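Structures for review follow.
One chain, subunit A, links the two complexes that follow: it is found with subunit B in the first and with subunit C in the second.
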Partner chain A sequence: MNRKKYRSVLYQAFCLFVGIVVLLPIAYAVLISFMEPPEILRREFHLIPDGLYLGNYIKAITKTTLFRFMYNSLVVAGVSSLVRVITCSMAAFSFAFFQYRGKNLIFMLYLGSMMIPPEILILQNYATTAKLGLINTYPGMMVVFLVSATHVFILRQNFLSYSRSLREASAIDGCTNFMFFCRVLIPSSTSALITVFIASFVGTWNSYVWPLIVTNRDNMRTVQVAITMLNFPDESPHGAIMAAAVLILIPSALVFLIFQKKIKSGIMAGSVKG
Partner chain B sequence: MPVTQKVFKKIEPFLYLIPSALILIMFTYYPFGKSFLQSFFIVDNFGKAKEFVALENYAAVLGNSRFIRAIGNTLLYVIVTVPISISVGLLLALLAQKRTRTSTIYEAMYALPMAMSMSVVAMIYQLALNPNLGVINKFFQTTNNWLREEKTAFLWLMIIQVWLNIGFDFLFTLSALRGVSDEVLESAELDGAIGFKKLTKIILPLVSPTILFLLVSSIAKAMIAGGLTMILTQGGPNGSTETIVSFLYNQAVVSGKYNTGYAATIVGFILSFMLVLLSFIYEKKGVYYD
Partner chain C sequence: MCISKCQKSFLVWILCGSLILLSACSAKPPSSQPESQASVPQPASTSPEEQPAGDHVEIEPCEVVYWHAMSGSRGEALEQYVQRYNDTVGKELGITVTTVFQGNEIASKVRMASQESKLDNMPDISQTVGMDIPSISKLPMVAPAENFINSANSKIKKDDIYEHFLRAFTYEDVLVGMPMNCSSLLLHYNADLLREAGLDGPPETLAELAEYTEKLTVRENGKIVRYGLTVGFERYQLVNFCTSQGSFFGDNEGGRSGPMTKVVIDEDGTLVKFLTEWQKIVDTGGLKMVDDNINEEFAVGITAMTLMSSSRIGAVKGLVGDSFDYQTAPLPKVDPGDTFGASTGGSCLVMYDKGDANRLAAAWNFIEYATSAETQMTWAQAGYIPVNKAAQGLPGMIAYYEENPQDRVAFEQIRNGNPLSQEPFDNVNWGGETFNALIDIMQRFGDGKMTVGQAADEIVSEYNQYLIEYQRVNS
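On to the complex of A and B.
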């Protein structure tokens, strides 16, 4: 028995060690962010900071508009995810609760859009956004994130499992479709809606190519774009860039760790089998 | 029933579709169709089609050695990063499969890379690979300029991509592995299937639907990879890290060559579509459903 326990402890220690190896790049950024500039420039192998130097964080916050960039990301990710939850749940409601001609065809067209990767459409979408005068605006940064066929699909599956009898019962009570949608269906599907919101938020928060293309003014950049363009004149920038990187990673890591189960089930639901 | 109510009843289901359909049309189907049409025309700077040139744009872009190299690089990217990422994810999942007192901790550690944004991770590796300051050269006592040398630049982009992928692949294979019932495993062991044999003959076939899902979605994602190139190497040195998407970005947004850009868009779409179809063939050959 003792031997078994000993082996289990050893096994867990090994698993934790592998975890540390997996996270080495992040550990590297954290360690560098606490080093003084001369330490970073040292020629020999040196990973553990001599002290807890906070200058890089102060520099990252005071010499750049990091919080403005974070605010931009928060607005773009938050608002577009909220809009996505609304558009997708409305579409899913139509597909799940109504019978009409052409429904299957329209549904196939929705699913078919998954086959067209948005990155490949950046040229035309840039042109459209420019024509609408939305370059360097929040709506312009959001337009391509407002609908996801995957999320329409997830919500439709969720609504389909909803009991039909309740729908019929509320119809007898004189509840219109729209009232049923707002007052019954949405409140009782919060779990699925939150899943879609979080999955969408993390995806949009981390997106890079589209926000890069539709902005060219510094004050409209999202964090993901801004981090690649930070510059600190007259000094070695590396420590401050790593400090900024750590500050940017904290919110998405937190959201991920807190909502891990939701995110998991959100992606899982997107896969038909598995 | 009054007529207005009748009409309303007919159109009501469509009302709920309007917002999503409008956006899908404007930002998916319209740009896709327009790219397709305009790829056969000379387009002026304002996006107006001026002259029908049939396949000339395609000839131009397929005759562009940089684009051919971008296609080759993208395919290499798929062939290398997809299987390695899934294998690493599967290995981690096998390691973490058994629930222990600390398993939630290392599960979170293995999954965390999927929450990391590509551009921040790119910046971390940019420093780690810096020829003078980076930890990689210091550790291996080398003096390589990893991202500026043709032999190593693309290799490193693929390594970074694998790191970015493993959290996602781990999460999926882990829940698939935990879905395999203990009874199945026990009876397999009684039949003498242990170790590697147990893995290849019993476990892998049972989790193959998940592997298929990962394969299809990772191939689709890898075909449109371009962010790491855009941040770290701008396609250089000498086109050795150019991918289809980074090429598109360079053509249109940086140098304003829309004609070949649209043709390249369509070529890129056809290629990724074909690859995803190919991965479905695997379903017929290698996947077992109960």
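On to the complex of A and C.
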């Protein structure tokens, strides 16, 4: 028993250590955002700012239209994540619950597409987006984020854990495929769906190259571009950059905090037992 | 029976999928030159001689889209002079210049946009670094500045611009873009520390730089607490030390009269000569090779001297404040007899003809304003060398240089140098390959892990390899 307790304490300590190591750079960035420029340059190492200097935040907000960029990122990340959850869950439903010719081949093609680096596709995607007249539009910025083979795979694996009896039972009760998908499968898969949503939101929120390429107007840019606009290779605007990074981090952190409870409390309700 | 039927149908599916993939992969990739001229809207004329040369007497109201890569305080300075144009000259003519920040992806975006059938997503003007000039100049919609600056009605003439800056953005005898953001490599030093060490003025040669480095390096308990010299050694520094000796760096005049296919710094001996002198600095033990944060290390006194672009003067002044006497000096010579001086670096403004002669004329009108003496005087205070000769005589410029002698050094270095001292048009640099390879080689040389001969051989070998590959893929 003591041995078990000892191991548990050791494990907890290790997890705490890893958590601190992961959080330390973020915490340091927050602390730097409240330091004046001469303070940041001090040779001796110090973590705690001398005072609460807000000049960096004022600079970050006034030198770029940061809130406009955040709004753009929110629209792109939010809408594309929602659409991705829908498209990926429907594709996963097909792969998990239906049997048809060529299903495995199509799934293999999905998996094969995961091995293609996105950078290779930028040129062709840009050409297609331009031909559709979607340059400088929200749909143009979202179009490449509306589906993800990785998330189809994740949801498929989640759906495969469901018992076939559940489907059969619902069919006997007169449930159509669409009703089963909407009323049985989705409500009982909230944890997986929210995980996909969070991963998609954070990934899209942090995207830089594609939104930069398909937009030619400053008022359509996303938050990651704002960081670049504050930074110039020959300058040292560390405080302002950290302040902008902290502000930009808030929405994605909020999304995670709001939805993490749903992940933890996700259980398969109403499933067939035994 | 069932199994063989299933196997057959599976094989058919595999075959169909393979055929689809093969046909997709074999589709001809879009090229920078459109196959059918008819599919791409042609500019008003197709030959450089016939292109409209800004001879519009009356420009109709229009918008000019200007793509740039300026951020931070430079971005603010750019917005200011664009706004001044929009409020004055632009307002009279009905021209509105709209700026769009594109980061470092400008050339890539321009090439992508140029491949569309419509040119609506192309800019009218783009800020283009010198290294991109050869590839950008081949786009059919580029309107070279050569055609406009030679026009009878042009307010800016070639004689108004320093020859060094004109040559910096000339390819195959055609001035492609108008010089705008120009800088040069300088020695930045802490004059207080030099005086403390009993040193009279900044070093003028690499041999003197080695002496200074040794004297300015401070050690405590066997550990260095202050370096004599800190350098983020990249292609930029290597090019300057070779071209300042009179080298073109690469064949075809460093890629200006034709594509650069190899380096010539081994053949003309400039590379070995430089590395031999640099070895003296390495041997002092007071040289620190870093990748970034040089501004900060210099400002807080971790190093006494550094080699950086003149465009950093403003940032360093802001960091240093009144903490010490911050000064700049011309790039130390490899040999005392060298006369070429540091090379010209920076970017220019390139125009694009989207089939609207009025917009093209409006774009040139803006460029005339941007390169005028008055605008260049204020732009110089953002950290760049004024390209217009007349700017030097303006009272504001004279007063600025009196208060900021560090900036004057950059200008005088270029003016006193040879116009042939230029950065090469080596297309491979920004791809990262030669960039990273050179940093690695110089780091190892700086750590004493390579001899002069070994470093020279490896630099030439790496560079030529990438140049050959580039030419093979893009010829």
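Some notes on this structure:
One rule holds for everything that comes next: the second predicted complex is superposed on the first by the 183 of 274 C-alpha atoms of A that agree within 3 Å, B and C clash if a C-alpha of one lies under 4 Å from a C-alpha of the other, contacts with A are read in each partner's own complex, and residues count from 1 in each chain.
Criterion: a residue touches a chain if its C-beta (ideal position, glycine included) is under 8 Å from a C-beta of that chain, and two chains touch if they have at least 3 such contacts.
If you're wondering where the values come from, they're calculated on a predicted model, not measured in any experiment.
By the document's definition of touching, of the two partners only subunit B reaches A:253; subunit C does not. Once chain A of one complex is fitted onto chain A of the other, the partner contacts of A:209 extend to both subunit B and subunit C.
Applying the stated contact rule after C-alpha superposition, one finds that A:142 touches neither subunit B nor subunit C. Between subunit B and subunit C, the partner in contact with more residues of subunit A is B. Of the two partner chains, subunit B is the only one that A:86 touches; subunit C does not reach it. When both complexes are overlaid on chain A, the residue A:126 reaches subunit B and subunit C alike. Using the contact criterion defined above for the overlaid structures, shared-chain residue A:29 touches subunit B, although it does not reach subunit C. In the superposed model, A:20 lies in contact with subunit B only, and not with subunit C. Of the two partner chains, neither subunit B nor subunit C is touched by A:154. Contact with neither subunit B nor subunit C is seen for A:199 once the two complexes are overlaid on the shared chain. Residues 41, 43, 109, 123, 126-127, 209, 212-213, 225, 228 of subunit A lie in contact with subunit B in one complex and with subunit C in the other. Of all the residues in subunit C, the ones that touch subunit A in their complex are 9-10, 13-14, 17, 30, 65, 67, 70-76, 99-103, 105, 108-109, 112-113, 115-117, 120-121, 123, 293, 295-296, 299-302, 308-309, 311-312, 314-315, 318-319, 321, 383. Taken in their complex, subunit B has these residues touching subunit A: 10, 12-14, 16-17, 19-21, 23-24, 26-32, 34-35, 47, 92, 95-96, 98, 100-103, 105-106, 108-125, 127-128, 130, 133, 135, 138-139, 163, 166, 168, 171-172, 175-176, 209-210, 212-213, 217, 220, 223-224, 226-227, 230-231, 244-245, 248-249, 252-253, 258, 261-262, 265, 268-269, 272-273, 276, 289.
On the side of subunit A, the complex with subunit C involves touching residues 37-38, 41-43, 63, 101-102, 105, 109, 123, 126-127, 130-131, 135, 209, 212-213, 216-218, 221, 225, 228-232, 234-237. The touching residues of subunit A, counted against subunit B in their complex, run 8, 11-12, 15-16, 18-20, 22-23, 25-26, 28-29, 32, 40-41, 43-47, 86-88, 90-91, 93-94, 98, 100, 103, 106, 109-110, 113, 115-128, 143-144, 146-147, 149, 152, 177, 181, 202, 205-206, 208-209, 212-213, 224-225, 227-228, 238, 241-242, 245, 248-249, 252-253, 255-257, 260, 264, 267-268, 271-274.
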